[in-house]
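Before we start, here is the structure in question, set down as structure tokens.
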Amino acid sequence: MSARNAEAWRTLPNVPPTHVVSGEVYTDHGIFVAEKERIFGRCWHLACHESELPNTYDFRTFDYVGTPLIAVRGRDGIIRTFINVCSHRGAKIIHEPAGNAERLTCFYHLWSYDDRGACVDMPRPEAYHGVGLTKEDCGLREVRTEAFLGLVFINMDDDAPDLTGYLDGALDSFAPVLGSGELEVFHYNQSILHANWKAWQETNLDLYHEWMHVLLRRTQMKAASMESRVVKALKNGHTAAGGLKASYEMYKGMAKRDTDMALPGLVPDDFFFADIWPNVAILARGTAIRIDVVIPIDEQTMLVEWRGLGRKGDTAEQRRLRMRHHNQYWGPFGRNVPEDAFASEACEAGFRGGAAAYQILAREENGAGQDDGMMRAWYAEWSRRTGRSAAQPTAAVAAE
Amino acid sequence: MNVASGQLSREQAIRETVYRSCMALDAEDFSAFLDLCAPDLEYTVTAFSPEIRKEMIWLEQDLEGMRALLEMVPQHLKRLGTLKRHVSVYLIDDGNDGIAKVTSSFIVTHTDPQGRSQLFVAGTYCDEVDCRGERFLLRKRNAHLETRDLGIGSHIPI
Amino acid sequence: MSARNAEAWRTLPNVPPTHVVSGEVYTDHGIFVAEKERIFGRCWHLACHESELPNTYDFRTFDYVGTPLIAVRGRDGIIRTFINVCSHRGAKIIHEPAGNAERLTCFYHLWSYDDRGACVDMPRPEAYHGVGLTKEDCGLREVRTEAFLGLVFINMDDDAPDLTGYLDGALDSFAPVLGSGELEVFHYNQSILHANWKAWQETNLDLYHEWMHVLLRRTQMKAASMESRVVKALKNGHTAAGGLKASYEMYKGMAKRDTDMALPGLVPDDFFFADIWPNVAILARGTAIRIDVVIPIDEQTMLVEWRGLGRKGDTAEQRRLRMRHHNQYWGPFGRNVPEDAFASEACEAGFRGGAAAYQILAREENGAGQDDGMMRAWYAEWSRRTGRSAAQPTAAVAAE
Amino acid sequence: MSARNAEAWRTLPNVPPTHVVSGEVYTDHGIFVAEKERIFGRCWHLACHESELPNTYDFRTFDYVGTPLIAVRGRDGIIRTFINVCSHRGAKIIHEPAGNAERLTCFYHLWSYDDRGACVDMPRPEAYHGVGLTKEDCGLREVRTEAFLGLVFINMDDDAPDLTGYLDGALDSFAPVLGSGELEVFHYNQSILHANWKAWQETNLDLYHEWMHVLLRRTQMKAASMESRVVKALKNGHTAAGGLKASYEMYKGMAKRDTDMALPGLVPDDFFFADIWPNVAILARGTAIRIDVVIPIDEQTMLVEWRGLGRKGDTAEQRRLRMRHHNQYWGPFGRNVPEDAFASEACEAGFRGGAAAYQILAREENGAGQDDGMMRAWYAEWSRRTGRSAAQPTAAVAAE
Amino acid sequence: MNVASGQLSREQAIRETVYRSCMALDAEDFSAFLDLCAPDLEYTVTAFSPEIRKEMIWLEQDLEGMRALLEMVPQHLKRLGTLKRHVSVYLIDDGNDGIAKVTSSFIVTHTDPQGRSQLFVAGTYCDEVDCRGERFLLRKRNAHLETRDLGIGSHIPI
Amino acid sequence: MNVASGQLSREQAIRETVYRSCMALDAEDFSAFLDLCAPDLEYTVTAFSPEIRKEMIWLEQDLEGMRALLEMVPQHLKRLGTLKRHVSVYLIDDGNDGIAKVTSSFIVTHTDPQGRSQLFVAGTYCDEVDCRGERFLLRKRNAHLETRDLGIGSHIPI
């Protein structure tokens, strides 16, 4: 058989339902609404790294699937997160991405909140006493916040299991480096990409796509054997890959990375990564760590945040070199990440109007090489969370 | 009209060094671009992140690095369509050492394969032009970006 | 109690239902559709000031909630309004914001209409005679138009009560100045703001928000006593406020306003305003009048029009000074209005994704000071018109 | 009667239902969905001219109502079309508008397809063997493609009648020139217009609108008698008009066109055109041919493609003159086409918010002059295809 | 500061010829525009189509053609609002024959009747300025457009 | 190359006065901006309303007014992100009285806190630069805006 007609094109291939994902998961509005509620309303979400809030009263604001949030380091050193919205008339309170403020004062009528989210001041409060309202009734909405290995996570669901149980060891391979206490974020950028949010996670989970990157074809595919790779499906949809190596000098204009640039617990040519379900990827090359967080905006639009982590104690020269290591692969002018972004948007172009019916995740390499196992594991959790088969997601929905 | 025909003022020659470098990148004529660069080229693209309150260097290359990077561009999967750097030279600080410091404002537009254009990046160039030789050469460039969301990014330096 | 959890945040506060407004009034699509029909389809709307059409055959075009309209001063001096759409094939006829034309000629096939909306000419009309169609059948749709104190109002509802009854005295405080016949519009600008249209009205109705404006904190809050203020809820949802004063010289760079600049019937440091339900605010400072009109575009977008009125007979020097008086508070580079626009968009950011559950309008100051009475009155009329409780607007809808 | 009130404005005029079209055909979402399925999913669509693919392995990509397509001239010289989407993970494969490639290689994981749409290569295919998937299962989706007079048409419906039967002689008047084999495309541009797609077809079908164009008022209206015109309704909704002439020298700055510039079978002052239902117009002036293709994007947005055809063997000087002939009427800086585009958007402005209730297509001139017969024929086919009356399209829908 | 007051450098006079021509078109002051043009004017607007892989000439006029075209503009149904050409002169090649070749980058913004502006077209001017007479005149212009989707198009040349 | 190194032409010095004033406003470095202004500064922002068919003055300040206004900016609730004035000096009319009239075209881009840029305003500066002193100073500016929908507006003059 060569080309296919309409009917053959639409027919699911004869592979297990775990090995194929319908195009509807990208485009169906009901699925998107379900994802917002069942996934983003209930899972732990990586908000920032603790180095972004080094001092008491430092804050970071961010938008989480339409909800403005603010993380604040309190006078007790603990980071708490609040909905960044005023109890009075609903205004978004703080508008800068980061800053330092002992009190969060709403610009509109100057209601003021402390680092625990309590409303501690409002002008002329006596006008509310007639109906029995006092500032004690007007605290901010606090959102559950837990930190692990320096990563600050939040959860909109007050009843969700705690973070440690949720991660369940998925970051074990990162414990030496992330747990060293020596890291800080030195790179941050974010982009709106015109694709369904899952397309970004797919680029991170899909080992087979190293064929796309000339940089990986040169520095990675032969740096270690395919057989030495280890692809793992962990609990709760998390996944991890290891056993990869990089020969940086194989790409013209790049150089071998020196040991003295290595981060705590890493060797320079190491490459391994973990994916925290649903929307985080953490990638370690020996001298820099990259963290991606993706958030849906609508069915066909996402926001991706990229962070780079390095050593706090870098000299200026080391920092400059580390930025180069990070950005030559991963920056907005890097050789790799723009290609992944291109790929995400190209898949969206295939699925958006229904031209592509499904995608095939059927590679089996015994958890090594370019096995699709990470993608299958990710979609298995997606099915569990949404109550829908990824192969036929609009067929029937399981109750929670 | 006090300048005779057929002569280029030194100031204009300095400006043209900046403009030609941008036209070469627009056209993706990398050898023309490299030909405008001094051997001691330092090229950086920077941006300030208000999220982490830090200055970032997104790209840093010397002449050899730039040559290698540009040589590889055709093998990469890059942004479709064309970029056009729209530059206005603002300040020329023409030092006695034959090095002119030049500050320019720029807007880059992107035109997609369907022919629709939009604003891609706004920023400032802080350049140095080496005026000591027969030809003026670009010796240093810092492209400081206001815009930090570059969509899918770019394999070609701004 | 300090911060609140999800459940506490979503629970309506223990205040009367008149004192709280659900966030759904900003975001629910069904509510938006109902507003278009029950409010904008039936209420009087301020289209322009008569000075914008000084001469016979002057016209002004504008868009009213998706309907292109054109107001024309006829040869009898009367201003009439028509849907600015051709009877033939539906083209929008006139595209300039203002001009003068004895006949409105559609560009497409040159059908021509007179100042009464009659179709008076069409090329080669005999081709329609076979089916019995003549130009007499092809008049424009006329929209009810009534003027009061120089303000030209229109109403899409042919059966609506007349304008005088609708206003019911709400503009009494403006009668001396607006009725003087000496005013003309010297300022006009419009902006799209990214917020629900009601957020703009709220900035105009909310006296408490003077805390936001450093300009008002300096020139207004101490210029007269809080007790001397008078906040009134009038018929049909209209409201008015008076008893305010301004000490302009208290803000660095501004100066006391001279009596010779005062408009007819006003003193220079006066400040009072009226709000004509649903979408008009008229503000008088002694030397300039500002009129806001807001129109929804969709749930989260509005168009605001701002007009400035001054004395027709101004010398060039006086006009220049009057523009300055107007614009230092109210222009696009003014100190106040950009802050109100910021606030509107900040509330939208709080409500859009559902982060804010409600807003509190519970200030009671006996109709003085910073009483929320005007906002409550506005939402009471909103409830009456839409058949929905503002506190629980998606619960049940009353029939009309 | 002069102006009309709301009720009169909304009442359909007393003409046959074939002579009036409801505004809903522009705005109703259900109608748009039906058009995508019943019209664009089943009718032949002009994809390109064969001169755009002169050589073996030349390709052209384009988007058809949300589906990315690619036309390729195979090694057998035949042009075939495929959905330009990868069988693997759904990525859009080829991104350039045109090019030459023996194999279509997907950038993402380097799956490769030949000129028949067969998947001929994939890296490390053995990983799929466990589930029994081979490249033989992974051909592209081929879309029916037929050429007529050098025009390449595609059809998404595998069961549609063939192209010749569909056209049924509608292009007979073009046979001498299009069938000469001497033509090539020398002009291409496309624009997004902010109007329903049918508004563009209306500008092409509506002879009466020559009143809009000062260029046609001067060069066309008196160049031949109204009576000598012939307006024809053909099978399947196609239409044609002839008997028109142009006196180019009547417009200042233009000149009479010389016979040696005439295309095969044409004389320089000829003007005739055909409209291929639903979305193609072909216009012949003696020295250049224009082809319009319109595609809907959503209810209120369309994409129009304009092509100019001339003689392959032109000298450089002739080509320059031919471009001038083409573009002075029809280019983006031409005198005519920008006016048509303006008119389309002006009708959209009338219908979008419901201001215009309907349009009148009631001109009867015995198939000559400025008869509306072409528009009526077009909407008759529209009614047949959609199962809806154009006069009352949301009343009841006929089954197919 | 080495140039005396009250004098315009030849380079600036060349630039101003380009800029004034654009300001006149912006203002739709066609007689001012024509007054800046040399009798042997050649004006072209071009674009490259990647779809058909051909260079296209979308407008071509000599002085008389331009005069006729501009004279008729008021009788046409044209795009509402205003266009503004934002130009930066890049290169001045001031030949010994009194003809200066001038290359400029441009962005055109469109402001609709409601006062909202957006990017309309980006492109490059390749001009010739005739410097032989008392006044410098525009003798040749090629406006090469990056942007090919011009929406409803334009009756006034870019 | 006929101008010696280390010298700035008078024309360029005039241009730089305009450009520096814009860079200072971009950076919200108000003292640098005021330092570039002449004591008799007249600063206006104007626009024409086609709705009421009138020219409007949206901002008018002398030096003291400008100083007061800029001093208060930090206490106001102002538009987030940054503005960048992208300017091209068009015409320099360098009068014999030491006052140069300078006409420039500008586009202002706005970059929001997330780093996304868009076109904010397009317009024209008509400036006067006082060239009589040691330093050239901005004496008069009229920023005439094409764009009239400024969204929430701006506390900082364009």
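As written, the chains take the letters A, B, C, D, E and F, and residue 1 is the first residue of each chain.
In this text, contacts are C-beta pairs under 8 Å (C-beta built on N, C-alpha and C of every residue); 3 or more make two chains touch, one makes a residue touch a chain.
Remember, predicted model here, so these are calculated numbers, not experimental data.
Common neighbours of subunit A and subunit D under the contact definition above: B, C. Common partners of subunit B and subunit C, by the touch rule above, are A, D, E, F. Counted by residue number, the contact pairs of A-F are over half the same as those of C-E, the matching pair from C-F, D-E or C-E.
Comparing the CA-atom centres of all chains against that of subunit E, the greatest distance is found for A.
Two chain pairs are in question, C-E and C-F; the one with more C-beta pairs in contact is C-F.
Using mean Cα coordinates as chain centres, the one most removed from subunit B is C. Comparing the contact residues of subunit B and subunit E by number shows a mostly separate set, under half of all numbers used being common to the two copies. Each chain gets a centre from the mean of its Cα atoms; for subunit A and subunit C, those two points are 44 Å apart.
Note on chain placement: the centre of subunit B and the centre of subunit F lie 25 Å apart, centres being C-alpha means. Note: centroid distance subunit A to subunit B, computed from Cα atoms, is 33 Å. The set of subunit B residues that touch two or more partner chains comprises 3, 7-9, 47, 50, 77, 86, 88, 107, 113-116, 119, 148-149. Each of the following residues of subunit C touches two or more other chains: 95-97, 107, 189-190, 192, 212, 342-343.
Every pair of chains meeting the touch criterion is listed here: A-B, A-C, A-D, A-F, B-D, B-E, B-F, C-D, C-E, C-F, D-E, E-F. Interface residues of subunit E facing subunit C in the complex, by the touch rule stated above, are 77, 80, 113-116. Residues of subunit C touching subunit D in their complex: 65-68, 80, 82-92, 95, 107-110, 114, 116-118, 123-124, 127-128, 130-133, 136-137, 139-142, 156-158.
Across the interface of their complex, subunit B is touched by residues 95-97, 107, 189-190, 192 of subunit D.
Those residues of subunit F lying in contact with subunit B across their complex are 1-9, 12, 15-16, 19-20, 23, 82, 84-88, 107, 109, 111, 113-119. Interface residues of subunit C, counted against subunit A in their complex, comprise 1-9, 13-16, 19, 23, 202, 206, 208-209, 211-212, 342-343, 346-347, 349-356, 358-365, 369-372.
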